[in-house]
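Listed below are the structures to be examined.
Here come two complexes built around subunit A, the first alongside subunit B, the second alongside subunit C.
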Partner chain A sequence: MNKTINQKAWYFVIPVFVLVAFNAAVPLMTVVNYSFQETFGNNVFTWEGTRWFKQILQSDRFHAALGRQAMFTSIILLIQIPLGIGIALTMPKKGWGVPVCLILMSMPLLIPWNVVGAMWNIFALPDIGFLGHTLNAIGFDYNFTQQPGDAWFTTILMDVWHWTSLVVLLSYAGLNSIQPAYYQAAEIDGASRWAIFRYIELPKMKKVLTLAILLRFMDSFMIYTEPFVLTGGGPGNTTAFLSIDLVKMALGQFDLGPAAAMSLIYFFIVLLLCWVFYSLMMRNEEKS
Partner chain B sequence: MAKITLKDLSHSYLAKQYNNADWALRGVNIDWKDGGAYALLGPSGCGKTTLLNIISGLLKPTSGDILFNDKDVTKLNPVERDIAQIFQFPVIYDTMTVYDNLAFPLKNRGLSEIDIVTKVKEIAEMLELTSTLNNRASGLTADGKQKISLGRGLVRSDVNVIMFDEPLTVIDPHLKWVLRSKLKELHQKINRTMIYVTHDQTEALTFADQVVVMHEGQIVQTGTPVELFEKPKHTFVGHFIGSPGMNILPCRIKNGEINFEGKTLSSNISIKKTSFNKTQIGIRPEFINFSKDGIPVKINRVSNTGRHKIVDTNCSSGNIKILLKASSEIPSGSAHITFNQKYTYVYGDDWIIE
Partner chain C sequence: MKKYKWLVPTIYILFLMLPIYWLINMSFKTTTEIINTYSLWPREFTTENYVKIFTDSTWYMGYVNSITYTVFNTIISVSAALPAAYAFSRYKFVGDKHLFFWLLTNRMAPPAVFALPFFQFYSSVNLFDTHIAVALSHCLFNIPLAVWILEGFMSSVPKELDETAYVDGYSFGRFFFKIFIPTIAAGIGITMFFCFMFSWVELLLAKTLTATVAKPIAATMTRTASTSGYELGLLAAAGSLTIIPGAIVIYFVRNYIAKGFAMGRV
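Entry: the complex of A and B
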């Protein structure tokens, strides 16, 4: 049977094409445009070549922001992934506890980013906030607005509170899809609890965990609103992660060229790391 | 190696039971002889898997005892009972190689490395897995994976019983035959008690020396395939085994005589109890013949299966199927049939009257 060839079908793609152009391609190209030129307004541009890229890549400020970002993302991944799996493992599999746990777990995910930031800001205030006040009352010298260590601690705690649920829900879904026969077989084979986790649960959760790690990596690497509301990047620049630094450069200092170059570099780093993560985690999948 | 005794075993998945339907198993009593090849046969939902999981210790029975060699094991877990069980779907450890999969139950039991290597090689040889030993188990085909599951059950030399829970469901038909013969062969070689759960009568009859037929949570008959065929002790066995199944028709019992279609059937059984809710006669299609006189029937349809002709007839009590050789002459319209008296049974409330 011959396939009917009808190129008119392409017309159906036009709406999507227009939509994607407006929400992705056009803004991205504007950024590309800015990144190679200098402007002082009035739509007057002068060609700068790769100057902004070189400047950003060599700047200590960018290196420091990137370092803070890498540190932050690593810490929250190291906490949230094991913690999420752990919580998912202890959640009930049937009975009335299931909906209760699921609803409790979904709650933080439903709260808007800026509200989370504001909540934690008030919660952690050293004089009136419940957390801040309690910590000081029991003898810790805690003040997230002035001490970098405390600011980091609070930001990480906030992110763990907000996003661990995502890992929990994904892991829980993965765990629930395991056939009971696997546990029964393991019981008969005399497997220890650790062996069951290591050889049954973890491999069966691999796909959802890959997803969880990718999502958490991307989100945390691009985090903006919550730390902006909580610490505003301070004290000093100690919690100014990449996107906070980028906004400072673009809107605070109005250095549009360097900021555009930085956005592109930022974008490529995220893309590259996602690709690396994904290929690493899916490496064995393709072999078999 | 052990003799397995089940005593008054009942199980329910519900907290409270109000009627028979709430029980998955009702009063199961059976002895499984050491070294026997048993098949547990019954339709889906009859309690086969429940019974199997209770023997293996994955489930605790609501009441009753399980004895291995007359020792009570009801409270022991699967590891302490030392049993092997193979499931309907292949269970493999994805991240391990075939070798590690087979070695896993041995490693967990703390065997020495040398013992493990010898054992695994031996089983791999038996199941023709030697060439794939170093491959990742997840890359194998469904039957290869199921062979690994079998292998993990067979690799331990000390098991009391090996249980198979419909293990060939996911296997291609032509490989089913191969694997089933392999199992039969293995049984002869290692001579261990094996219990094979299935809803497929061909599978049960070809694998087992003794077939245990289950129906609605009860064991209705245990016997050799021939016994089940020739003398079903329950109408369900008559229905379920044989193709087509037994003809079961209502009859009346009066003064110890069996009355069917207005005729008294001669029989050598003496019926003492008379207070049955229903009485039926059962006769297999194989044991009915056309004759000059006898029970008048109307012939509705003749289907030819190649080797046999199946004749659908009906009399006033209901439908009767007759199985004849393909070469037989079939009268048309109405005819008379007679039952082979030796294989005609009377059932009171579904149980045979002897």
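Entry: the complex of A and C
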């Protein structure tokens, strides 16, 4: 769309700007402030320069948490995006099935995150949970509170349960916007099912899929409440993702300086990756 | 192959419903039954857990608090985002692209990073433990999302609509409220759905910013769990009830979800 140049448009943006800046600027400055100082309580601070940053960047603990986080996010995206598209492709396009599917599939999205964690905890417990009990009954030695592999499996399954629907809803909307004429043309050309998907459906879904990938990337990278309630980061530290590790450091050990430095590094990583995503997305948009 | 297509969504929905069924199943059991026996349905059916929640004000006020700040947040986010999204979709102005990206970066800020500074900040402006504090703090991630979604919807409305209205003698205000907003009603519905959803499910900030007066239901659940041992039955009942407001909201926007999404970001 051709946009007119109009500096007065800033007036429209001011409310949003003020509300977000109010929330973002002051707390962010507090974090920056802590990250360069050492405190022993009583509001006494001493200047530490970049010591905390160096310490965090060199610490094995941070590297391990970052590694776990990267692994978790990659697995999540690799499962949820194809699965979400697949389910959207098979969903009914009209009739009573549509509202039923939409309503039931949206349910997990609207359950508070700690309830999701608690729900999966009691669902997966080896003695009284359906999942744990069933897995053990058919011969698996499953116990997510003891075995790291099982803890990972449960956390990933929980996230797939929780968020795949978002990808489904977005993809479904993308599919619905395709006019029947495209399909008729494809039929006349004798296009295969795969060709229809590759050359008609996928390009039409590009925008919603970018949104889905971006949202899923951000949220899985920031995940805190669900794994915290489900496994508490355990057993050991095996499911302690970045946020869990951060809160442990900030509130558990009250190491404000290192925790603040870690916050900033963490934020910076998310920002950098999103900027790359965003630029790629915008470039694609300009091309088409 | 076409014949069995319905199997995929059906299996997926079954998978979604299983943990929810398990939670509801537990909510009708007594805690002793939950701990001692494994059963697919309640043997000694009891509604005691629900009775407790609806008669004890520390429990039911949790729901009232959560709904209050969620509604506040949805109203604030959408009404602030409407003019901003209009500006982004219709005009070029100095710093528009940077501002848009800056807004999105706030959607990317991990709440864990902000939990402690938020507590100190809201305490210092005397808003700690109020509904409005939680509603405002949730604007951090809801406003960027609202602007983003609304901008998509507005960009799909041709600019000729605006121009025709001005030619017909509409003032900006009248055009915006009488013509433009009804045109993108579906988009507003979807945006409200998302704002409600993300505010309703968030716990970390809501818990950090409240103590007693505005304590959300999710926080009531965690605190009760730690003080009086694990009352699993009660916890399951409280958890089951948190699903209801979401289900109601989905029911209202169900038509918008299908139609709305489609005209929006595509």
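Keep in mind that, in the parts below, the second predicted complex is superposed on the first by the 262 of 288 C-alpha atoms of A that agree within 3 Å, B and C clash if a C-alpha of one lies under 4 Å from a C-alpha of the other, contacts with A are read in each partner's own complex, and residues count from 1 in each chain.
Quick note on the criterion: a residue touches a chain if its C-beta (ideal position, glycine included) is under 8 Å from a C-beta of that chain, and two chains touch if they have at least 3 such contacts.
Here the structure is a predicted model, which is why all the values come from computation and not from measurement.
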item: First, second, both or neither for A:L211, with subunit B first and subunit C second; value: second
item: Partner chain(s) touched by A:S192 [first = subunit B, second = subunit C, both, neither]; value: first
item: Partner chain(s) touched by A:W161 [first = subunit B, second = subunit C, both, neither]; value: second
item: Which of subunit B and subunit C A:W113 touches, first, second, both or neither; value: second
item: Subunit B versus subunit C as contact partner of A:V16, first or second or both or neither; value: second
item: Subunit A residues touched - subunit C or subunit B, whichever exceeds; value: C
item: Contacts of A:Q179 with subunit B and subunit C, given as first, second, both or neither; value: first
item: Overlapping contact positions on subunit A, where the subunit C interface meets the subunit B interface; value: 204
item: List of subunit A residues in touch with subunit C within their complex; value: 1-10, 12-13, 15-17, 19-20, 22-24, 26-28, 30-31, 86-87, 90-92, 97-99, 101-115, 118-120, 122-123, 127-131, 133, 161, 164-165, 168-170, 172-174, 176-177, 204-205, 207-208, 211, 218, 221-222, 224-225, 229, 242-244, 246-247, 250-251, 256, 263-264, 266-267, 270-271, 274-275, 278
item: Subunit A-touching residues of subunit B, taken from the complex the two chains share; value: 53, 56, 58, 77-79, 83-85, 87-89, 91, 93-96, 104-105, 108-109, 136, 138-139, 149, 152
item: Residue ranges of subunit C in contact with subunit A within the complex; value: 5-9, 12-13, 15-20, 22-23, 26, 34-35, 38, 40, 76, 80-81, 83-84, 86-94, 96, 99, 101, 103-118, 120-121, 136-137, 139-140, 143-144, 147, 155, 158-159, 197, 200-204, 217-218, 221-222, 232, 235-236, 239, 242-243, 245-247, 249-251, 254-255, 257-258, 260-266
item: In the complex, subunit A residues that touch subunit B; value: 179, 181-182, 184-185, 187-192, 195, 199-200, 203-204, 284, 287-288
